[in-house]
Amino acid sequence: MDEDVLAFEGVSKRYRTGDFWRPLKAQAMRQVSFSLRKGEVFGLVGLNGAGKSTLMKTAVGLLHPDEGTVRLLGSDPRDRRARRRLGYLPELPYFPGYLSAVEVLVYYGQLHRLPRAALKRRVLDVLAQVGLEQAAFDPIRRYSKGMQQRVGLAQTLLHDPELLLLDEPMSGLDPLGMKEMRDIILAQRAAGKTIFFNSHGLAEVERICDRVGMMHRGRLVLVDSVPALVSRHQSTVTLGFEGPEDLGPRLAALPWPSALENRLWRVQAPHQDLGAAIRALEPLAGKAPSVLSVGSPLETAFLQALAQEDAHA
Amino acid sequence: MLETWIIASNVFRQLLRNRILVVLTLCALGMVGVVAFLGDLGQEAELRLARDFGLLALEWVGFFTVLLCHVVLLFEESELKTYSILLVKPVERWHVLLGRTVGAVLLMLMNQAGMLVLLALLAWWRGLPIVDSDLVVAAAYLAAGGALFSAVTAFFSVLASSVPAAAMFSTFAFGLGHFTTNLLEWVEHLDNPVLAAAVKVLYWITPNFSLFNLKENLDQSGANVFLGGVFFWPLAYAACYGALLLSLALWRYERKDF
Amino acid sequence: MSARISELPGWARLGLLAGLATLAVASLEFGSLARKGSRVFPPPLQRGIPPALTRFSLAAALGDEARIAADWGYIDCLQYLAGPYANDGWWGQTLPLYREVQWLDPGFKHAIREGISALGWLYRRPEEAGQLARIAMATDPGEVRYAAYIAALAYQKHLDTQGVIKALEPELNRPDAPEMLLRMVGNLMLKQGDDRRAMGYWAWVQSRAREQDTQDMAAKTIKDLRRRLAAGGR
């Protein structure tokens, strides 16, 4: 489609592992197909090692797919013209330690052929936008992980790209930093940019994204809009209480799943059944059970999708 | 080509601030003092010794500078993944490869030029004509050899699986490249055509650094010794062989996953 | 340029690489020929290996740094000459050391002449001096200055000091004559007993010597000669 800024068609990628005399191949991505529409915010979630970063790197041309095609802004990812309109933030961005943030951004700005006269001003503005104006001229080797993450974000915004690909943008940020990152992403969306990011934080994805994709063992197991997922799945509550092992048969008779871990029984029930669940568990626990955690609809959808995928595997 | 120059100048700037390379630069300048002392040991042959050891020091500083530059750059690429951002910028991979190679050469030239200037100052202070146009030309040819070595190291940086492997292969190529000419001449006098053919192939494949060693020409009078074949062919060789190595490296680099 | 080598058709890529390889090999061959042509002397390994040769020198010769090895060998020679090697067969390693320098770089003529001077007149080993001079002349027949040394050694053999001085006179007038030779001839003149002639000679040596040792020796000798002349010498 003309409005697709990123399109994957049957993309697979294998990594070589093992020793050189006994090479093995690990399947990092299997037949991934999806497209990213202009102006949307897309979140990609999955367990560690699911293939999220692999997908991201394939999208920007750092990895070459073994099968399938990738189109980035209508071109091959290796095409410079496409990459000129792209801002990419890798997962753990590192920069030459002996340069300052200003020098690094000026360097990248020169590669983007930004006008020399306005470049330094633009660099300082972007660094202020990400909260680094005080440390702008310090060597990056003195930066904390969070500060390096901010420099990474700054370099994605410097040339005002129309597409942002962010790999774990919240990584290394404190809660304030996360909020600032969220605000920047939302501001970019408001400015009409297309944003694709991956994350472990389902709450962030639910809050920011229009659509979400879920990866598991290299496959894209679920792609849907956030409102649709929220409407189809319920949030859940996990209740807990201490009790002996022989409560198992009685808990199994209840309509909600339960598990025992170190003498702590955990029961997961839909949010709407909270009252009924507490009433049912109180006699078994001898007191009202504690609320251990609250799961979002997205988490429910995620876990369901994982379970289905594992069942088919 | 602008992107190549931007990358090269940035590589030069970041390497210039790297502590290891700052120490190397200081050692290079210290070597100039050692050269002057060695000249003293030679008494009446002071001038000859100062010039010869000066050129030797230039060559070795060039080797270590280029090698360390590429080691640092390869470490950043493979361990720190600093190139994850650079390679997604609107640059071709050949810009990056060539920029790295040229950046290392720029740092080498800076060190060698600094050594020459210091040697000239010491020579002026001592009243010895150590640095003249012939020495500068000989130094320039060593620099051309150093530029070729930068292409060699860039080649191994792309092909080798680790930083130590790349450093080892590059060092081995540098060493072997000084031996193949004489090895070939020696083997040609032996009655063994198989050995001679094998050494000939090795001679062609290995980068030849003997071509850039013009110390023997320093004693010959007149400027003509640097004209003609001795002047032109080493530069042609550096250009063609360097381009070949970088092309081979680029073939792999373009398909490399990061 | 946006064409990528990995995207070129196979024939184009191979053609490009083969072309560059051919040009590189051609440059190498022509460059080597030019280098051979610019050489005054054949490389060391083509001139036979001397009997006593260090591994360092052999490696340097193979590694195209024969000239550096010759320089280092020359420093070794000077260190050896200045050392306490009277019990070493009276500086018995002098010939092998200088022979090595000559083998590594026949163009290091100053060192060779110095070696001949040291062997012939400093350490009284004229046979070895002659051997070194003849080897040097055989390698470098265009260098006529070695002939003066050979002639002087011949006079030396017949104890003809006057002949030695006369044979070496053209060499002494050269600005790059080894200062060791100047000192040695000065001593021969002293042995002849002609103090006035010797004083004139030493004054000339003092005026042109660059080395402090030679200057000091000349000054001391002139002082001694003045005293002798004042006491009624010839």
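A, B and C label the chains in the order they appear, each numbered from 1.
One rule holds in what follows: contacts are C-beta pairs under 8 Å (C-beta built on N, C-alpha and C of every residue); 3 or more make two chains touch, one makes a residue touch a chain.
Treat the numbers as computed from the prediction; the structure is a model and nothing was measured.
Q: Considering only mean CA positions as chain centres, point out the chain farthest from subunit A.
A: Centroid comparison gives C as the farthest chain from subunit A.
Q: By C-alpha centroids, what is the most central chain here?
A: B
Q: Which whole number of Å gives the spacing of the CA centres of subunit B and subunit C?
A: It comes to 31 Å between the two C-alpha centres.
Q: Approximately how many whole Å separate the CA-defined centres of subunit A and subunit C?
A: Roughly 76 Å, centre to centre.
Q: When the centre of a chain is set as the mean of its C-alpha atoms, what distance in Å lies between subunit A and subunit B?
A: 46
Q: Got the subunit C residues that touch at least 2 other chains?
A: Residues 2, 4 of subunit C touch two or more partner chains.
Q: Would you give the residues of subunit B that are in contact with at least 2 other chains, written as numbers and ranges?
A: Each of 92, 255 in subunit B touches at least two other chains.
Q: Counting only residues that touch at least 2 other chains, which ones in subunit A make the list?
A: If we look for residues of subunit A contacting two or more partner chains, we find 80.
Q: Residue numbers of subunit C touching subunit B in their complex, please.
A: 1-2, 4-7, 13, 16-17, 20-21, 23-25, 27-28, 30-35, 37-40, 43, 45-46, 61-65, 67-68, 71, 74-75, 78-79, 107-108, 110-111, 114, 176, 178-179, 210-211
Q: Could you pull out which subunit B residues touch subunit A in their complex?
A: Where subunit B meets subunit A, its residues are 3, 6-7, 10, 13-14, 17-18, 76, 80-82, 84-92, 161, 255, 257-258.
Q: Subunit B touches which residues of subunit A in the complex?
A: Residue list for subunit A touching subunit B: 20, 57, 60-64, 80-81, 83-84, 86, 88, 90, 92-96, 98-99, 103, 107-108, 110-113, 152, 155.
Q: Residues of subunit B touching subunit C in their complex?
A: Per the stated touch rule, the residues are 38, 41-45, 48-49, 52-53, 56, 92-94, 175, 178-179, 181-183, 185-186, 189, 203-204, 208-211, 213, 215-217, 219-220, 225, 228-230, 232-234, 236-237, 240-241, 243-244, 247-248, 250-251, 254-255.
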